[in-house]
Every structure is written in structure tokens, then in C-alpha cells.
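Everything on this sheet refers to the single structure shown next.
We call the chains A, B, C and D, going by the order they appear; numbering starts again at 1 in every chain.
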Amino acid sequence: MKNKVYATMDEAVADIPDGSTVMCPGFSGVGVPRNLLAAVNRQGAKELTCISNNAGTLDELVDVGTLVEAGQVKKMVCAFTAPTHPSMVTPFVRMYNEGLVDAELVPQGTLAERIRIAAFGIGGFYTPTSVGTELAEGKEHREMNGRTYVLEYPLPADYALVRAWRADKFGNLQFRLSQRNFNPIMAMAATTTIVEVENDVLDIGEIDPDQVHVSGIYVDRIVKIPDDGIWDGAKPGL
Amino acid sequence: MKNKVYATMDEAVADIPDGSTVMCPGFSGVGVPRNLLAAVNRQGAKELTCISNNAGTLDELVDVGTLVEAGQVKKMVCAFTAPTHPSMVTPFVRMYNEGLVDAELVPQGTLAERIRIAAFGIGGFYTPTSVGTELAEGKEHREMNGRTYVLEYPLPADYALVRAWRADKFGNLQFRLSQRNFNPIMAMAATTTIVEVENDVLDIGEIDPDQVHVSGIYVDRIVKIPDDGIWDGAKPGL
Amino acid sequence: MTAEKTKLTRQQMCDRLAMEFQDGWIVNLGVGMPTLCSNYVDDSREIINQSENGVVGYGPLAGEGEEDRHLVNAGGQHVTPLAGMGIVHHADSFGIIRGGMIDVTVMGAYEVAENGDFANWRIPTRKGGGIGGAMDLAAGAKRVFIALEHTTREGEPRLLKRCTLPITAPGVVKMVVTDLGLFAITPAGFELLENAPGWNPEEIQELTEARINISPNLKDFRFRG
Amino acid sequence: MTAEKTKLTRQQMCDRLAMEFQDGWIVNLGVGMPTLCSNYVDDSREIINQSENGVVGYGPLAGEGEEDRHLVNAGGQHVTPLAGMGIVHHADSFGIIRGGMIDVTVMGAYEVAENGDFANWRIPTRKGGGIGGAMDLAAGAKRVFIALEHTTREGEPRLLKRCTLPITAPGVVKMVVTDLGLFAITPAGFELLENAPGWNPEEIQELTEARINISPNLKDFRFRG
């Protein structure tokens, strides 16, 4: 079978073309594929559409906001397009206000389910979320069993950049604690899934089949985070 | 917190009233809650609607077909209402042909997703499965992105009977290998979830949080399978 | 005897909402003020904290040096693992939320209306909005509790007849705590259940746009301990 | 030299389809005859077997005494675990299937039509039907291969202009093997790619309702080894 293990982050993202849609997981700074995002930043792909819970933070760490600030992102699809506090003016917020980047605002649970159905061949789903709000305007409504729902559509992507705790050479993945968040569903939804992994890539068979969080059938490329990579302040190999 | 551990299967199912909708997982004989089904058979609840992959087999083991044969089931919702071979005339097939039990035939993947969306508060979903077949007749069709889908609705239940490998006292569950099948989604979709478990009920904290297959928030009652229970031919406690 | 006129602190407000939590409840606390609810401890009951990122049953905030870099709550605070904790991915986490498993969600808000509407995601004078999981929680949780200051910094009321800002969900709020008291929202609108020390209902009404009904069992505000 | 006129065995039929599987393909084999595909071994490639019950990457059938009571394929046969195997629940398993991750599904059928329709779930003279995962697999897999006897026990053709039985999915079949040969289904209909030993295209056409196009590269049927 094709070798999925890449030596460097740069090689793993080298072919991402301008105009791609890229999924960027992570939540509250945990499970963010910072090494792959740094590589995409170096690689320079432009006109990207990025799908992510938020559009970057004020901290110095590499995240999707790094790509936004570098002008690589055409559009964000995310659950936050304004800061939670007016003082938190991220590069995205500044650029969005100036019209330099576009955005689609999606409730977080709808975002997650739209990603999941993109992976799973479902054409649309009805959610009660956002009914009665400005965000539901123009969306198709339907009453079923006495409750009103809006129709939401799949959100697929060309690439997913994923951060995992452990991976085997086939690409079976495990995540640790709240690192999981958007990582599994994005890994499953994208055409090409690229994973940065915190531990050494394991031999096939080293992960218990009952404890696989994402099947290797969804994973295309795997890169071990190097010791001098971005470790979120923890020691390598934790 | 409320004690969820019951001493016997009979106590755990004692209050299931006539007319209930009951989910019965299992696939090809693995992960079938045979001990709870035997207890429901003893308990005698009638007019049940049972949701299950199939409607029973020809073997002697207790399964949903046992309830059908006993006249406890009004309607089956399942993926097989005819035998895969004409010679395999199960009690269900005989009774269905004679009009003694009703049935709704659902493609297996649609069945699984309808159960999942019942758990997850989704009002309906569009699937390409069954489009162009007799089974899609009368269903709402919709073309999206050049593909035709049919609309399918949630399939909730009053009770789920579940077979698990390990459980802790909070109700966190683990399944082993193909035992998993419909068990997690049914456990999540039913109002009251009753679990028979193969190993001794563990203290809270004994299951790794990253390896919980069903959160205890979904589980209401847990019973250890006794040594003289139904073990599918394997030794107790395997 | 008249109590000295005191506004409630944020911790006192959140304590009061937390007193409503029942044994075994699954609770989702919004980022910011609502997280203070977890500081209220009542050993006679167990609360299951759920956060949007898929953690079910996390424990108190991690102390200095105790942080696990893989474990945070929805606000990004490091929390400690609690025995019985379980993890799900984001779609399954919002399955829990949308599926009605959350007994109560506590959120902050800019405004709450007597019809149960509330607004906490967008100020129309600013571009964009910050929804996060608020709309899913508001639509999915069994109960929505709101904690907010009774008036804006400029003294404008936040308890309104109708929200003026874009709402997060219609008609879902069941209970509201402000620095002036505890309120239920009933089909008849706001009902003052408990007043802050030294504040009489008329004084509270003056700082409120909506009409406030006074509970026949009006009590003094209940504090911790 | 003329080969002796021979009908293909079920194993030979399934071997031939299995020869089409490419390295790394994810394969779902239907219950019954199609499981014979897994008996064809080609060490130059790796095949990932997926079954409806959520097993991804299982191994060969378990030998006597080697069975794990928790591990079966879709047909209920005990299989062995293979290194790299992973388990998902039923909704996620059909997520794999519906989501287009299955490179090929092999199924049996009562009938196949030149427009790519096939029928394998219901005989209208009997009440009910047995769908299982067939409609999901047919709608979701990248390729549908069908293995079936060329005619019924009564000698009636199974390769038809149009299916007479209720279909499982419209227009999805890409390749068909029968006991008389290997066929592609193209926009022009059935195309005979390989004929069973001793059978010439005219003889095969006589047992077929649909018109059979003959491949310009018509070959002898390829056997194992």
C-alpha cells in the first residue's frame, strides 16, 4: 500500500493549490494543527477558503489567523466573525471590517454537523438551531412534529489539516482529551487529509481496533511533529 | 447521583409498558441483548414496536424474534422483512405473511442514521439511498448539487436494550469489536437505556475518558450478565 | 429593619443560579461570567459539566502547574479530569446539546425580553457576530438561564419588553439573575422571585423596561452558605 | 484448438472480479457468493475489507477454534483481526459507505440490466424484502460489481434489457461476472470482455435477453494462478 508517512510538514502540504478549501480544527487552542498551518504559511497558497471554529486569536501561536493575516485566505467559514469582546481585535476582525476577507458565520453545532454530513454522503439536514433568528433568514424552514427546523447543507473541503495524539502507518488516529474536538469529523470530510502527530508514528497493529478514533481509510499523509516543532508549550512527545 | 446498577434483568425491564417502542441492537448474532430480551419475554409486555436490523433468526438463541414469536410485537422496523433465502422461514416471516405482525422495511444505513438523528435533535436528513427504487415511492425527493436524495425522518424509541462489553457505574460503555454495531446509536436515541454488560460493573474512573464509546449520560440502568445468563456460547467474563 | 442597598456581585449572581441545579444535572456553562457557577459547591449533589468541545464530566479548574495541555473547557481554561469523564468529537458533542441532554445552560447576554427571547451574539453597529455554540445550546437545552447586569454601563435597562438586538433564540429563557435580583420568565413575563438586599420591587421596576410581576412568595436574595 | 465447453464455478467467477481489485482498495463483499472474492489472494496488493457492522480491515475467515465471538463479518462468519483494523458503530459504518469511501462492492443479484440497474432485494410474489445494506452500498460505493448465474434454474436469462423485479439502485453496475463470462456495462450496454472456456459470443447471446456487444479485445476467461 502507498506510504503515507512524510518526512516534513513542508512536503506534506507542498501541493495545496491556490483556491483550495481547507479545514482547520482546534478549539480554544487545543488540537490545532499548528505545524501544518505554519507550513501552509511558508508554502504561500492563496485565495483559500478556511473552515474553522474561529478565525484566529490574539496570541502569538500559529493558527488559521496566521494565514488570514498573511493574506492567504479569501473566506472564513466559522462560528465567530466578531470578537467576544470588542477589545479583542484580531487580524481577521480588522481585515473583515476592512473588507479584505469574506466570511460565513455558522452556529458551531451546525458547523460540526455540516462537516459530518459532507463526510457521510448526506445531502442536507434539518436543525432547530438558529430558527427565529437573523441567521435563519432566507433559509428553508419546515415544521415537523410541531417543531420548526431550517435546512442546512454539507460543508466539504479539499484538505483537512489535523492534529493527532497517536497515529499508525495506516493512518488510524487517536486524540487525547479535548484535543479531539473538530479533528475527527474534519479528517473524515476532506478529500485529502494531512495529519501532524505528537507521538512517533506507530507500526500497523499497535493501536487497539476498539480505540481507533479515525480510521486510516480517511488519512492520506502523516507527519511526526519534530522536536523543534510547535508543541503548545509542552515537551515534545508528551 | 441515582444508582443505575440493577441486580437482575427482570428488575431492569419490569416497568416497560405495553405499546412501547423498543430498540434491539445486534448484527449477525453479535451484540444482541439476549438477557434483557429474555426478561422482556418473561415480563410479557405486548403491542411493542421493535427497531432492529432484522426480525429474528432460525437459531434457538433469544433475540427480537423471540418476542415476535410470543406475540409481543405489533410492528417491526427493520432492514429485512423477507428471508435472504426462501427456505429460511423464521417465526417473523410466517407471522408477517399471515398478517399477525406489521413491518416497516428500511435500508440499513438509513435505519442507522434515522436512529442517530433521533438521538441528536435533527428533524430529518436527505439520503441518496433508495432513490429510483420502489422504497422511495411517496417520499419527498430533492435534487441538490446534481444528485437526487430522499427525505428521511428520525426514529426515536422509548427504550433501548443494549449489550456492552464493559460499563462503569455512571454508565460509560465500551463495546468489543463487531459487538459495537447498532448498540451506541440505540443507547443514545432511546428515552430509557438499559444495558446488559459482560464484565463486572466497574467503579467510576476505571474507563479511560478517551476510550468511552457511549457516555454515561445516555445510560439509565445497568445489569451484569450472571454466570448462568446467555453468553453466546462463550465462557462468562471473557 | 432595612438592609443596606447592595448590588450583587457576579459570583453571588452565579451562585444563585447554581443553587437551582439538581443532582445529576448535565450543565453547560457559557464562557465568561457563567463559569463562576462552578465555584458554587454543594456536596449533596453531583453535577455533570459538559462543554462544547466534547468533554462530558470535567472537574474544577486546574491549579498552577496542574494543567494538562490537552484538557480545556469551552472558554479555554484548563480543567481537571474527573473520574467518569468521557470525550466525544464536536459533532457528537452538539448531538448531546441539540438532542436535549443538557438540563441547563447558563449564558451571559446583552438583553433578555419578557417573552423569553435573549440576545448575546451580535451588536449591529459592529460587523459580524460571535455565535459559537450559543444558538445550538439555546435551541437544544432543557432550560436556559441568563446571568447579566441589570442595566448597561450607561444605565439603560437590559430586561426588555422585546429585544432590540438580534436574538440568539426565541422564547427559551426560563430564569434570569441580575445584580438586582432573581427572576423567572413565565407566560406573564418577568417575575421577581428574590430581590437584592435593600432593593424594593419598585426600585427594580424603575431600572427595567419590561413590567415586572412580583412573586407572591417574594424572598430576600439567597446567598451561598 | 477448441476448449471444452465449461461453465465457471462460483469461485472462478469471484476470483475474476477479485482480480480487478487494486492495491489499497476498500472492498465490501455481499453476503453469500461475493464473500468468495476474499479467497483470491494476490500478495502484490493490500485490500481493506469493510463490513456493514463497522469493521474496517478484517482478515481471513477464522479457523476452527480460532473464532472470536465478538468478531464477525456482515454474513455472520467469524473472521480474524488484521493488524490495522478499526471499529466504528453502525451509523459511522454507513457514513463510510454512503460517503463514497468504498472502492468496490460485490453483490449477488436476481437480475442485471444493460442500463446498470440491478435487482436483489425483493421477489414481488413474496411479501416483504431483504434490503440490508444493499441500497446504501449500491448508492454509495464507487463501483458496483455483480456476480450471478447467467440464467435462472429454469433457464431464463438474468442479463436483461430492463429489470423485471424491483431494483436495488438505478444505473450503478459497472461489471458483471456470470458462469459464462465477464461483462462490463458501458453506456452502450453489456460488453463481453472474457468468455468462459468453449463458449462463443453467439452462444452466450442466446442465453441473454439484452444485446451483448463484443469487446474488440475479447479474451479467454482469466483464471487464478
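Throughout what follows, a contact is a pair of C-beta atoms (placed from the backbone, for glycine too) under 8 Å apart; a residue touches a chain by one contact, two chains touch by 3 or more.
No experiment lies behind these values; they were computed from the predicted model shown.
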{"item": "Chain pair with the higher count of C-beta pairs in contact (B-C, A-C)", "value": "A-C"}
{"item": "Reference chain A; chain at largest CA-centroid distance", "value": "D"}
{"item": "Separation of mean Cα positions, chain D and chain C [Å, integer]", "value": "57"}
{"item": "Rounded Å distance, chain A centre to chain C centre (Cα mean)", "value": "29"}
{"item": "Distance between chain centroids, defined by C-alpha means - chain B, chain C (Å)", "value": "37"}
{"item": "Length of the line joining the C-alpha centres of chain A and chain B, rounded to whole Å", "value": "34"}
{"item": "Touching two or more other chains - residues of chain B", "value": "113, 116, 120-122, 127-128, 175-177, 180, 209-210, 213"}
{"item": "Touching two or more other chains - residue numbers and ranges from chain D", "value": "81, 87-88, 94, 97-98, 140"}
{"item": "Pairwise chain contacts under the document criterion", "value": "A-B, A-C, A-D, B-C, B-D"}
{"item": "Contact set on chain C toward chain A in their complex", "value": "31-32, 51-55, 68-76, 81, 87-91, 93-94, 97-98, 122-123, 126-136, 139-140, 166-171"}
{"item": "Of chain A, residues touching chain B in the complex", "value": "113, 117, 120-128, 142, 144-145, 147, 149, 153, 174-177, 180, 209-211, 213"}
{"item": "Footprint of chain A on chain D - complex, ascending", "value": "23-24, 26, 45-46, 48, 50, 56-57, 81, 83-88, 92, 94-101, 140"}
{"item": "Complex contact set, residues of chain A against chain D", "value": "1-2, 116, 119-122, 168, 170, 172, 188, 203-205, 207, 209-210, 212, 215-218"}
{"item": "Chain D partner contacts - residues on chain B that touch it in the complex", "value": "27-31, 53, 79-84, 86, 93, 96-97, 103, 105-110, 112-113, 115-116, 127-135, 165, 175-185, 213, 232-234, 238"}
